[in-house]
Amino acid sequence: MSFLAAENMTGGYGAADILHDCTLTVDKGEIAVIVGPNGAGKSTAMKAVFGMLNLRKGQVTLDGQDITALTPQDRVAKGMGFVPQVNNVFPSMSVEENLEMGAFIRRDDFRATMEQVYDLFPILKDKRRQPAGELSGGQRQQVAVGRALMTQPKLLMLDEPTAGVSPIVMDELFDRIIEVARTGISILMVEQNARQALEIADKGYVLVQGANRYTDTGEALLANAEVRRTFLGG
Amino acid sequence: EDIKLGVILGFTGPLESITPSMGAGAELAMKEVSDSGKLLDGSTVTSVRGDSTCVDAAAATAAAERLVTTDKVNAIMGADCSGVTGAILANVAVPNGIVMISASATSPGLTSAEDNGLFFRTAPSDARQGEIIAKVLQDRSISSVAISYTNNDYGKGLADSIQAAVEAAGGSVSISAAHEDGKADYSAEVGALASAGGDALVVAGYVDQGGAGVIRAALDTGAFSTFMLPDGMYGNVLEEKFGSELDGSFGTVPGTDSAGGATFLEMATAAGFDGSSSYAGESYDAAALIMLAMQAAGSSKSADLAAKVMDVANAPGEKIYPGELAKGLELLAAGTDIDYVGASAVELIGPGEASGAYREYEFKDGKITTVGYR
Amino acid sequence: MDLLNALVALLNFVVIPATAYGAQLALGALGVTLIYGILRFSNFAHGDTMALGTGFVILVTWWLQSLGVSLGPLPTAFLALPFGIAATAAVVLLTDRGVYRFYRRQKAAPVILVIVSMGVMFVMNGVTRFVIGVEEIRFADGARFLINANEFKKSTGLAEGLAFKASQAQTIAAAVLVVALLFWFLNKTRTGKSMRAYSDNEDLALLSGINPERVVAVTWIIASGLAVIAGTLYGLDKSFKAFNYFQLLLPVFASAIVGGLGSPLGAIAGGFLIAFSEVGLTYAWKKVATYVLPEALAPDGLAQLLSTDYKFAVSFALLIVVLLFKPTGLFKGKSV
Amino acid sequence: MNTRNILLFAGMAALIVLEGSTTFGGIFGGSWNTALFILNFGLLSAIMALGVNMQWGYAGLFNVGVVGFIALGGLAPVLIATPPVTEVWTAGGVGRLVFALIVGLGVIALAIVLNHRLKGRVRLAALCVTLIGGFFLYRALFDPAVEVIEAFNPATNSNLGGLGLPVLLSWPVGALLAAGAAWLIGKTALGLRSDYLAIATLGIGEIIVAVLKNEDWLARGVKNVIGIPRPVPYEVDLQASPAFVDFAAGFGAEPVVASTVVVKLLYAGLFLAILLLLTAASELALKSPWGRMMRAIRDNEVAAGAMGKNVTGRHLQIFILGSAVCGLAGAMMVTMDSLHNPGTYSPLRFTFLIWVMVIVGGSGNNWGAILGGFLISFLWLKVEAWGPAALEYLTAGMDPASPLREHLKDSAAHMRLIALGLVLLLVLRFSPRGLIPEK
Amino acid sequence: MIVVEDLHKHFGGFRAVDGASLEIAKGSITGLIGPNGAGKSTLFNVIAGVYTPTSGRVIMDGEDITGLPPHELFHKGLLRTFQIAHEFSSMTVRENLMMVPAAQSGETLWNAWFGRKRIAEEERALAKKADEVLDFLTISHLADERAGNLSGGQKKLLELGRTMMVDAKIVFLDEVGAGVNRTLLNTIGDAIVRLNKERGYTFCVIEHDMDFIGRLCDPVIVMAEGKVLAEGSAAHIMENEAVIEAYLGRGLKNKVKAEAEAEEARHESHGAQPGLGDEAGQGGAA
């Protein structure tokens, strides 16, 4: 049994289904990457896993426990962390407060984690007292990821964490994701910088029109010419 | 026959705290008449209330429209504020030929309103009171006053006429400034009034509205210690609210030395409302006049009774006091003329408004005591 | 030249009343600004919440007085405050359950909530009048003055009196204390921060494990507390009359907005700005000028910039001017 | 319009017809007079709601100074239709007043010119001198002129009087007055957003009403102007006319009832014609690229600006149009009441109630605003009777002498607001985006 | 075409743009890169009239356009997209496009009332054009969807689509690529080149995807800390040490050692796993 298993998810926002029998699984300490064209339903799938979407069919289990009926904040309590694609910071709160909010459910001392985040994204330390809404696009993205890291989740879900960040930060970020995974945390992320992401991925999903098209190791997907051409930009 | 009388007052809105007593006053008269069984061969009178809101002409007109066309009231006691009274008069009463007697609309403008002989009021026009007040001030050798008035047609009209009369009598008005009713704070007004100065402050407002607020703030800051209180400021609540702080202040209120006022107070207390509240007595009188005029006309129709209102209200005839409505009805039935005095010494002049006999009172040891009549 | 008398006159008629009035407005504005800051709508029912809460306080005060309880120089109403706050909070939380929560779930536009709060306002307005009536009620007891105008005159020998009411002092103290507490709460405590987070981005707050219902409940409870404190102090200083509390709504909103919606400090600044402009700009300087200027120069007129008829107009005009230079208020408020 | 909406309007019409034809246990009035009064009031409200909907629904402008524009419009019938007060003209009051106003405008114009021409400290100094000096100059000219005018017959006049022109002319004039004010205000305040614009407009509304209340020379201030001429015949004249009495008899109607109904019908016809015209114009505009542009601006001003739309200009345009419609309605209302009563202009009644109409009806949708106007008017006028009746019903089971029952009955009038609030909450509960939402 | 002279934009004490001077040549596709927070978007916003500069000038075709409001710049042929998508969320996707062209006769009230026929014709033409653009962006099935319901990437496409509705002189693209599928981004790149070649549009492109920059842009301007750090051809820039240091980085290579160590640990816990070996090194800035 995988650590996270979201099986046969079917559902959408209104009348029409966006997801069709979509299945995603992640093992402990594993990095899984979802790629696919725009509007394929990647973000929708993430939201479904996190309980922000009404599923008509399918179930989600975490660590063997069925969490299909739980609310998002209960899932947070179960150790899931999520960085949405858009609107992923608290704009009028300072960077530091944003990070603190990431640690909201933690009762222990989180200062060490915060230092780690600052090490990872040094620019945030400079901008500690600035409202996140005044940051540049890439800086916000760093705050968003930092906030999720503060939770110290068992499963970290990232929706396009590298959109708009500079290459050097992207590399740092991927490096850190590898490290995080190595501590036993499972990672599920959506990426459009797909080649770089698949390189570090243990498992890759190609989603098209809400359904699984290809599922394989990251390496294998990268090696698949058809996948490269149609989904990874050659 | 079951006769219906409309009672249109601002039960919600800025005057909501005095209208319950006004309504109760009018209904007291109706109950008295019904119980007597003497009106038009044992007719009973019931009241149908309507809410004028005091400020919203449309809502008031709608309420009056309902009373007249749905409930088919024979006449209306009301309305309270001059603005909505004018609206109801023009849009409902006159078109439908319904008699309307207001107990509290004192605006001089209504004197000349187009009314087809249907509109009366038991409250005097403010023009008259201005002259009385100027005399009172003169007799007390107060030559300079400041005026604070409530910013509506009553307050403004009264302030204008007081100012004119005071100046004509050789006195001076240091400032005449408005206050809005129901506002949070009157420090600005009191600051300006204090700065302008004067031997006394005339507060042409309402006792349970901004008027009291102005007095409170003026007393607290020591800006004025003597107040002149026109009719809108009269009420037993003054004693409660200010007690001996007002000692030396004085005021005028419609009334005569007849026993009517006192009798009415007792009746009101027995009926469980405050008869000294502004215009409660006038309301009783307004309702009583309508019913007496019906008896005199031998008909409950507005068209018939309109012509009789002045007759029953004025001399000659036997004087009728509150609580004596049965007697009045009997006399009228017997064809004897009456002169209704009522709670507020009703005497209608000109186009049907109270002539304005006033009682002058003064605060002594925190109590209202009558000084004399004018 | 009589500077001392001029100064006392100015203090007595401008500075002290305006400060007290400003504090009253600020206390009301704090509640409005809190609801706006966290729940993101202008709550029209706030004035009537103040009235209802004060109504409860009055009932308890009467009961306490009938038991012979008193606080000495302080008004008995202070003892009744906790009861009033509890009762009001209960009513408000029930209202949230029955009314607002539905629209929150719907993610309705703020303006819908504004209109809904008007519906609540009408209902609460009526309920208050059922509970306590429309009459004016005075429930202040304890010492009335810290400095009494006449005694001041006697003891100092000045021509001008100076009055400082106990209720004014209490209001000013309460306003300062409450704003400090609120500022501290919102910026330093975990719950306070979670409330701000919720107001910033509801979905993300959810993702951080913040329980939105708890945030909302805490907000309403604090707002009820603020409303009852503001209403009671206002009632102690003036008197209780349900209709006036509704009328208080406009200047309270003006204070909250000109200060910057969502900012507690802004509410205080806004309250004082409105109060001082109302009282100060329409003040007739005649008296002060007579004391200060030599006799020959003393004004015959009132030396008044504008008549008090225009006091609201003046304060609103000033407010507009401030907004033209600071479009989201003095303290950079939110806007939805 | 789809079936649902047609049904909603049919329902509304049915309510009014029921009001006219049956009492149905006291729920309705059973009087055509009240029904028609409600209809007329609804028509007026619908026009006001249309105006507010233009500003909010089309462009997202949070104008809560509606009462000010309605009040300004209401000034027009007084200035246009009441008989002139020749005495103050001959006494020179009007001439001096006009001169003072021209001087006042001149000062402002000079200030604007200086503001453009000069720079830095000099500008500040020059502006201060001009404005302060100008203010005193203006007051020096203005105050005595006003004194002359207000001195004349304070009990019935003390104002400029009107021009004695037909009252219908005052309706477009009312719209123009409001539009002019809106232009001035829009030029300065439209840079503000959401609630900040709201409080600014609220303040401006209050200022306008304050001026109307306190400037007696203009329209007698709080002393009210009564007996404003009507565009329709007087009921008493109809009742006195044999032709009309015969005409009424033809329907088997009493002359009194017939005359009141006919007069109301005439008003209804006038109002309906104007409402239809405005609705047609609004619908055409909203369904055109102009409407699309307005929606784009409402959705995202920054992006609309980047796409070449002049956001400020369009905001000003719609602000003026919406305000003009409100002004028009204000003039119509004063004409129908034949009473100018500035004390009645409370923001609750003429700003927030109109907003309630727009939101309950469905903002952004003209039909919604109109339906909301009718429904809320109906309720506003009807709950006055329903509230106490409901209370009577509720307490029917109680011991008649119980003090609680007495207390409740004494408070019956306050059921009015409770009932209104409850109905409002119910409607919004079942259609949270309004009865006829924007698509 | 566009000359920026010593431009400053300060927020409070913070200098987001701190004396940048640069030039965008007519007919070029100029790339603008730099670390997060370098001031690129701020520079765009100043040029496009959203912010007024603290000091400095912006000149377009010899004319000083500093501080002109955005809508006037649009009429001068200057278009831009937003980094964070600014769609008209309650309007349909097609309407989002149709509202763009200037001087639509239906945008005056007079015509809206009295020129229905002319409007109808114009609208048909506009709708056709919009559908072509949607087709190109592969989102024609969404034409009648509310724009607020689009996915993150689709919104970025819509941003781009708006600039394709009119004939622009110069188009500023702020990270069109972020969140857009790479295959589609290639197509978009082709389109940019085509618009540049065939219609003579000038482009200024902010992008963090160096493949994209390398393929399209010449010259490339690098900003850092509000100033221009370097300028030159893409190939040239990518070898610039300062640029590599501040912006490009050296990929994951320097973590390879750590990776190797990790390999063993992983073998123990998971059994055989695909290694991240050397291949990972090719990522990043490649």
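We call the chains A, B, C, D and E, going by the order they appear; numbering starts again at 1 in every chain.
Quick note on the criterion: a residue touches a chain if its C-beta (ideal position, glycine included) is under 8 Å from a C-beta of that chain, and two chains touch if they have at least 3 such contacts.
Here the structure is a predicted model, which means the values were calculated and not measured.
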Fewest touching-chain hops separating chain B from chain C: 1
By that same contact rule, can you tell me which chains touch chain B and chain E alike? D
Sort out for me whether D-E or B-D is joined by the greater number of C-beta contact pairs. B-D
Please flag the chain sitting at the greatest distance from chain D, going by CA centroids. A
With chain centres taken as the means of their Cα atoms, state the distance from chain A to chain B in Å. 76
With chain centres defined as C-alpha means, what is the inter-centre distance between chain A and chain C in Å? 46
Taking the mean of the C-alpha atoms as each chain's centre, how many Å separate chain A from chain E? 25
Could you check chain B for residues that touch two or more other chains and list them? 16, 20, 151, 178
Note the residues in chain C that touch 2 or more other chains, in rising order. 129, 134, 307, 309, 312
Pairs of chains found to touch, sorted by chain label: A-C, A-E, B-C, B-D, C-D, D-E
Could you pull out which chain E residues touch chain D in their complex? 48-50, 69-71, 74-75, 79-80, 82, 86-91, 95-96, 98-100, 102, 104, 106-109, 111-113, 116, 119, 122-123, 162
For the chain E and chain A complex, residues of the former touching the latter: 11, 33-38, 40-42, 83-84, 138-139, 142, 149-154, 156-157, 175, 178-186, 208-211, 246-252, 255, 259, 262, 265-266, 269-270, 273-274, 276, 279-280, 282-285
Once bound in the complex, which stretches of chain A touch chain E? 13, 27, 29, 36-39, 42-44, 85-86, 123, 134-139, 141-142, 159-160, 163-172, 174-175, 178, 182, 192-196, 199-200, 202, 217-219, 229-234
Using the touch definition up top, name the residues of chain D that touch chain C in the complex. 56, 62, 188-189, 191-196, 198-200, 202-204, 206-207, 210-211, 213-214, 347, 352, 355-356, 359-360, 363, 407-408, 411, 414-418, 420-422, 424-425, 428-429, 432-433
Which positions of chain C touch chain B when the two form their complex? 9, 12-14, 17-18, 21, 24-25, 129, 134-136, 138, 149-150, 153, 161, 163, 165, 234, 238-239, 241, 243-244, 247-248, 251, 275, 278-279, 282-288, 302, 304, 307-309, 311-312
